[in-house]
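I'd like to ask you about the structure that follows.
Naming follows writing order (A, B, C and D), and every chain is counted from residue 1.
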C-alpha cells in the first residue's frame, strides 16, 4: 500500500486518534518495565516519558481548553511532562527525565487511559463539526503522537546500545543480500518552483507558506549511499583527512574520536540494531550519521548534499511507497536493482544542505503551540523523507524534519546531489 | 539491645551470612521495579546494582577461588557489577550504571538466589573449619553487604529527593519533640593512647594496626549539633561569611549556591526524608552536611571538629546503644534530656578533622581485595560512629568511614570538640 | 570620499600592499608593549599574533612558492602563526596564543619588515605582469591584511574591556546628539535577481558564483536600530520573555545571564568603547549584539532580520559612503535626520537571517587557500555591510562576513526587515 | 655559607626588607617586557602581578594601618593585586590575572618604588622599637616577598615551557655527572618528640604551636630519588599499573595522560629547565612530580613517603647547607657520593604523607592576615625542605609548604621512608 493509499483511505479523526494512541502502546510491547525508565543521553527520553508527554499534550492543548469538566489525575504531571512549551508553564529539567521512577509504568498507562477516555468523549460530543476549534489541535496531537513513536524507537535503540548485554528490541528479519545498481543520476533543469505544503491537508506550520523558489539545474542520485560505499570512504582515510570536512565537523570528529557511523563495531563488521548486533550488509543504506559525516562523504565522493528545495522538487517524480515503520523492518532496507529514483520516502532520513530557517512569509502561531517548531529555526539542518521508523500516515513530501548537525542517533543517511 | 549484646550474641557465620543477605532484600520491600533502575548522580548506584554487586563480590572473591564447580549465570555480570577492583578485571563505567535496564530486577534476584545457594553449599562443606581460607573472605563479604545496605538507603533517598512527586520510602514515625539539653562538654586529659582495632574480632584493614598516638587534652560535646543550632548559624549569616569557611569550601559553596543542608527546603521549615517531606524538628541532629559545612559551623561556634583519635578515645567511655537501622527510625533521633556523653554510635556519622590516611605500619593486602580501602587514602576525611542507616552488626568504635569533603548525601552530622 | 571613489582611485598593487601593511602598524600606535601579548578569550588573538600571522600569510602563500631565494627568519614561526590552514602544516593551539611571550614585539616588527622587503622585491621583479600567478595571491593577502585590521581593533577592545583600569585605545570624538528620524520603511517588489560578486574586481571565493535568486517582496528599515530603541526592548522585559527568543538563544541568555549588549554597564547608562567608558547615546546604533539578541529584538518589534539576498538587492539603491575605520570614529555614528536608506555600509555589521551556506555552484579552491572560507559554511550567520572598524578599501555590497550566532565582540547591529 | 650562618648573620629589619625587595627585582633581570604579562594556567601568576602583589601586601597590611600619610598611586590596585584576602576587600578574578596589560611593567616598578620609599620612611620613624605593632607585619611581608620569589621562578618556567620557541631564563650551568651512592637508610627509633617552630625566631602561624607527637620507629633514605631511579619506574610500567597508584591519582593519570614528570620529553631524554631544554642527568634528583606520582613511585619501590613529623625529627640531625636559589643552579643538583643524610634542605621540596592540617592547639589570627595559611588546611599535602628556587633566608626545618596533590609545577621531588 502506498502512502498515497494510506492517506486516501484516511479514516475519521476519532479512528485515527485511536489508532495512533494504540500504535504507540503496541510499540512498547517488547519492553520490560525497567526499559521504560532510562534516558541514555540528554537527547533521549525514557519510554515512560514519551507515553506520558503525548498524553500531556492532549490534556494541555485539547482537554484543558475545550473540556471544562476534565480533571487531571495529578496536577504535577503538567510539570513533569511538559517538554519545552515555556508558555505552558514551568517544566521538569530535561537532563533529569531519566531519574524519575514515579509515576510507575502502570500509573502512566492509567494516565493514558484517562486522557483517552476524555478525548473520546470530547470528540463524540463535537461530532462532525469540522469548524470546532478543538479539531485542528486534535489533528496536531495525532501527528505529535506519531513523531514520538519514531523517537521512542530511536531512543530505546540508543539506550540498549549502551548496555553491555546488548538486548534486542525485536526479532531480526532476514536481510536482502542482493546487490544494488551503481549510483545513477537523475537530472532536473533550472526553473522557478513552488515548495511547501499545499493548502488542504494537514501539515506542520514550518512547511508553510507554500512559496516560489528559483532552483538551479541539478542531478540527484537514484538511491541512498550504501554501507559498502561508506566503507570505501573509511578505508580511503575519510575520517583522517580534514580536507573533506567542515571545520566544526572536524573539531567534533577529533573531540569525539569518531571513526565510523554510530553503532558500528570497531571491526567495521557489525552494527547494533533494534534486533541486536547484526552483520553490516554492504547493499543496505548507511545511517546514523551526523550532518558532518554526510557532508564529508559527499565531498569525498565529488558530490554534495541536495538542498531541501531540490529534494522536494525531485521527490514529486517518484511514487510514494517506502520502507516505513509499519513494514516492521526497523532498519533501512536495500534499494532495488533498478536505477529509477527511489528510497525518497522511508528507509533513512536524508540530510539536506539547507539550514533550518523559516520559509519566506512564515508566521509563528500565537500561544504555546507557536513554540512547536518556530523557535528551533537556528543551528539545525533540514532532513527529508522519513525513515524505517516513521509511521506511514506521518510522512509527506513537504515534511521538514530538523536536527543539529552533530546528532547521530536518528536514522539519518545520505542522498547525493550535484550541479548539472 | 546494645551493640555489645548484638555482637556477644553473634551467631555462626552461615547464619550471619543468611541474615545479612536477607536484610538487604527486606530493605527493598518498599520499592517499585522502576525504583531499582536509576542513578541520580555519580555517587549514587541503582538499587539493582547494589543487589547484584554484593553478589558479584561473593562470586568473585569466594566462589570463583574456592568452589571449582561454580558457574556464573552470566559471564558479563563480572563486567557489569565490579565496582572498582582493577585487579579483578575490566568493569562498566560508574557513570553509566543507571542506564542499564537489563538484567531486569527479577533476573538480579535470581542471580542473588544462585549465589546464595552456592555460598550455602560451600559453607556447609567447609563446616566448622575456622582456618579455611574462604572463612575470612566470607566474613568480609558479610560486612561488605552491610555497607551496601546503608548505601542503598542513602542512594534511594537521593533519587527520590529529585522526583517532583517526592515519593516516600517508608512511613513516617512520630518525632520526639522534647527539647535537648544545652551543649555540655566532657574533658579528656593529655596522654598516650592506643587506637585502632584490637586483634580478635573482625575489622577492615584500614583500622589496623592498633598503634600508639599522643593525644592532647580536649573536650567533646555531649551530643550532636541540632537542627535548631544549625538554624542559628544560617540566620547569623553562616553561609554568607567566608571568614568561617575553608577556602575550598567557600569556593564550592559559591559554585553550588549552598545555603542550607542538603534536603532542606528554601523556607528552612521542612526537609526531604525517607518518609517524604517532613517538618524540621529543632531538637533533632542536623545531617546531610559536607565536611566544609560541618567545619564552618564549628568555627562559627568557637569550637572545632574532633580528630579521629580523640573521638575513639572518648567513645570508649560511652555505652554502646544507638539509633541504628534496625530501629526503623531512618532519621537521626534527638538526644536525651541528660548531658551524659551520647549519640556516639548511630544517629549520624560524625565528620572528624582527620584526613583519611594510613595508620602507622599499615600494609595493603595483596590482590584485588587490597583495593578495598587502601587506594582511597587521599583527599577524604574520616567519619566515625555510624548513622540511623547503619546495621548494628556493622558498626564499632574503631570503624573508619571516609568520604570526600564535598559529599552531602550520607547521614553525616557534627560533633563539636575543643582544646581543653 | 565614497567607497566607489576609493576603489576608482585604486593605486597599483604594490602601493596598495604597502599602504595596507602600513595601516596595520599605524593601528598599533596607541598600544604599549604589554598590550600586544594577551588573548582575552579564544576568539580574540593578541595584537602581536595579528601582526605576525598576516606576515606568515604572505610568507607561506606568496614568498615560499614564488621566491625561491626567500629564507624565513625563524622556521618555527610557521607553526606559531598559522591560524587554521590544515594543509599548510601543523599549527599552534589557538587557545594558547596569548601565552607566548616570545618572539617579542620588536622581533615581530622585524619579521614584518623582513617579509615586506622580500614582497617588495618580488612585486618589482614581477613588474606589471597581471597574469603572474603570484598576483591574485598578493591581492588576497592585502584583503586578508585588512580583515585582520578590523579584528585587531575588536580584539583589543575586548581585552581592554576586561581590565578594571578600563584603558582607552583612542581619544573620544565628540558624539552627535542630534535625534534621528523614526524608523521608515523602503519597499522592494518580488522578482528574480542576481546576487554575488560580479566578475572583474577582487572578491572572496564565498561571494561566487553570481547567481539568480527569487526574492519575495519586502520592506527594509531606512537605518540601523538605535541604542534608544534597544533600551525600550530591555525596559519592556525583552531579556526576560522567552517568547521573543530562539530556543538556543534563550538557553544561552540563561546560561550567560545576558541582560544587555556586551560592553553596556549594569545601569544601562554607559558602555565601554575604544575611547574608554562613555555615555550611551540614544540616537547611535546599538551594537555588540549576538544574532540571538538581534533576532529577539526584531520579533519584539514585530519585524524580522533581512535575508542576505534582500540586503544585497536593497543596498544597490544606496550611495556608497559610510562610517568606516578611516573616519577615525571607531564607534557606530548616528544616522542623519532624513529617512533615505542609509548606513548600509559602515557603522555596524548587520546580522542577516541567512545561514552561511555555499552559493549554488560554489567550488572550493584546491590547496590550503581553499580553506579560507569554505570550511566554515556551517553554524554561522551572514553579516553584511561593514562597520566603523572596517577599512574602506575592504568592504563591498557582495561581501559576506560570517560569525557564530553567540558571538558579540564584533561591531554587529540590527537592520530590520518585514514582509511587504 | 650554611643556612644557620645566613640566619646568624641576620641584618636589621630594614636591611633585610631592602635586600628582599631588591632580590625580587634582580630575579626579573633576564625577562623581556612581554614575559611579565602572561599566566599560563590558573596556578601561575604573571611576573608583573607578583611584583605588584607583594607591594600591595605591604601597602595594605603595613602602610594603610600604620602610616596615616600614605597615599596609594592608584586605588584600583587594591582590587587588582589582592590575591585571596577576602577580609581585605573585593579582588580581581585569579583566572584573569594574565589578561590585564595595564598597569604596564614600568608602572608596576614605579608602584614598587613608591611603596619602598614609604616603607623605608616608616621603618626609620619606628627606629629600633621592637614592640611597635608594625614590626612583625613587616617581618611577615619580607617572608611573603621571599615566597613570591620562588613562585616567580616556577611560574616563568611554566610559561616558557609552553612556548614552542622554548626560551631560556638563565644560562645553563655545567651539570655534575658524577654518580651517586645507592640509596642508604638512616634509622630513627620510636619516641615522643616535639615538632613545630620554637618560639623566638620568625615563623608562619601554621608552624605553631610546637607540640608533642608520638613517632614510631622509621628509616629515611639518605638522599632524594634520582632521575635515573625514576626512569626505572617508568620503564617498569609504573605509569601503566593502577596497583601502584592511589585511586584519585590513577583517575588523574588517565584523564591527563601522564606518562612522565612534567617538563620531560616524550623520548625521556631531555627536560625543559630554566636554562631551556637540557639532557636528563641520571644522578640528579627527579622533580616536578605530583603527590600521586611520588606516592606511586614509593609503593613501587617498596617504601612510602615520610610523615612531616618524621621528616622534621630526622632533619635535625643534618647540617644546614643546601642547593638554594642564591646558588644560581636553578635546578636540583645531585647528591654527594657519600651516604650521610643529605639534601634535606634545598634541591627539591619533599612531598610528605601528611595532609596539611592544623597542629593541635593552632589558632587562626584575627583579621585578614589570619587568612594567610589557615583557610587552606584541607585537601593539600605538606612539603618540606625547600628547593633550588627557595631563598636561603626563607627556609627552616619547621617550614610547612603545602600544595594540592595534583600540582606539578613546583620543584617537588621524592624522599623515601619506611617502617623500621
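Note that a contact is a pair of C-beta atoms (placed from the backbone, for glycine too) under 8 Å apart; a residue touches a chain by one contact, two chains touch by 3 or more.
Keep in mind that what you see is a predicted model, and the values were worked out from it rather than measured.
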item: Target chain C, source chain B, minimum contact steps; value: 2
item: Greatest separation from chain B - chain, by CA centre; value: C
item: For chain A paired with chain D, centre-to-centre distance based on mean C-alpha positions, whole Å; value: 60
item: Distance between the centres, which are taken as Cα means, of chain D and chain C, whole angstrom; value: 47
item: Separation of mean Cα positions, chain D and chain B [Å, integer]; value: 38
item: Interchain contacts, given as pairs of chains that touch; value: A-B, A-C, B-D, C-D
item: Touch list for chain C against partner chain A, complex; value: 84, 86-87, 192, 211-214, 216, 242-243, 245-250, 291-292, 295, 353-355, 357-358, 360-361, 375-379, 405, 419
item: Touching residues on chain D, where the partner in the complex is chain C; value: 32-40, 48, 74, 76, 79-80, 92, 96, 98-105, 159-160, 162-165, 167
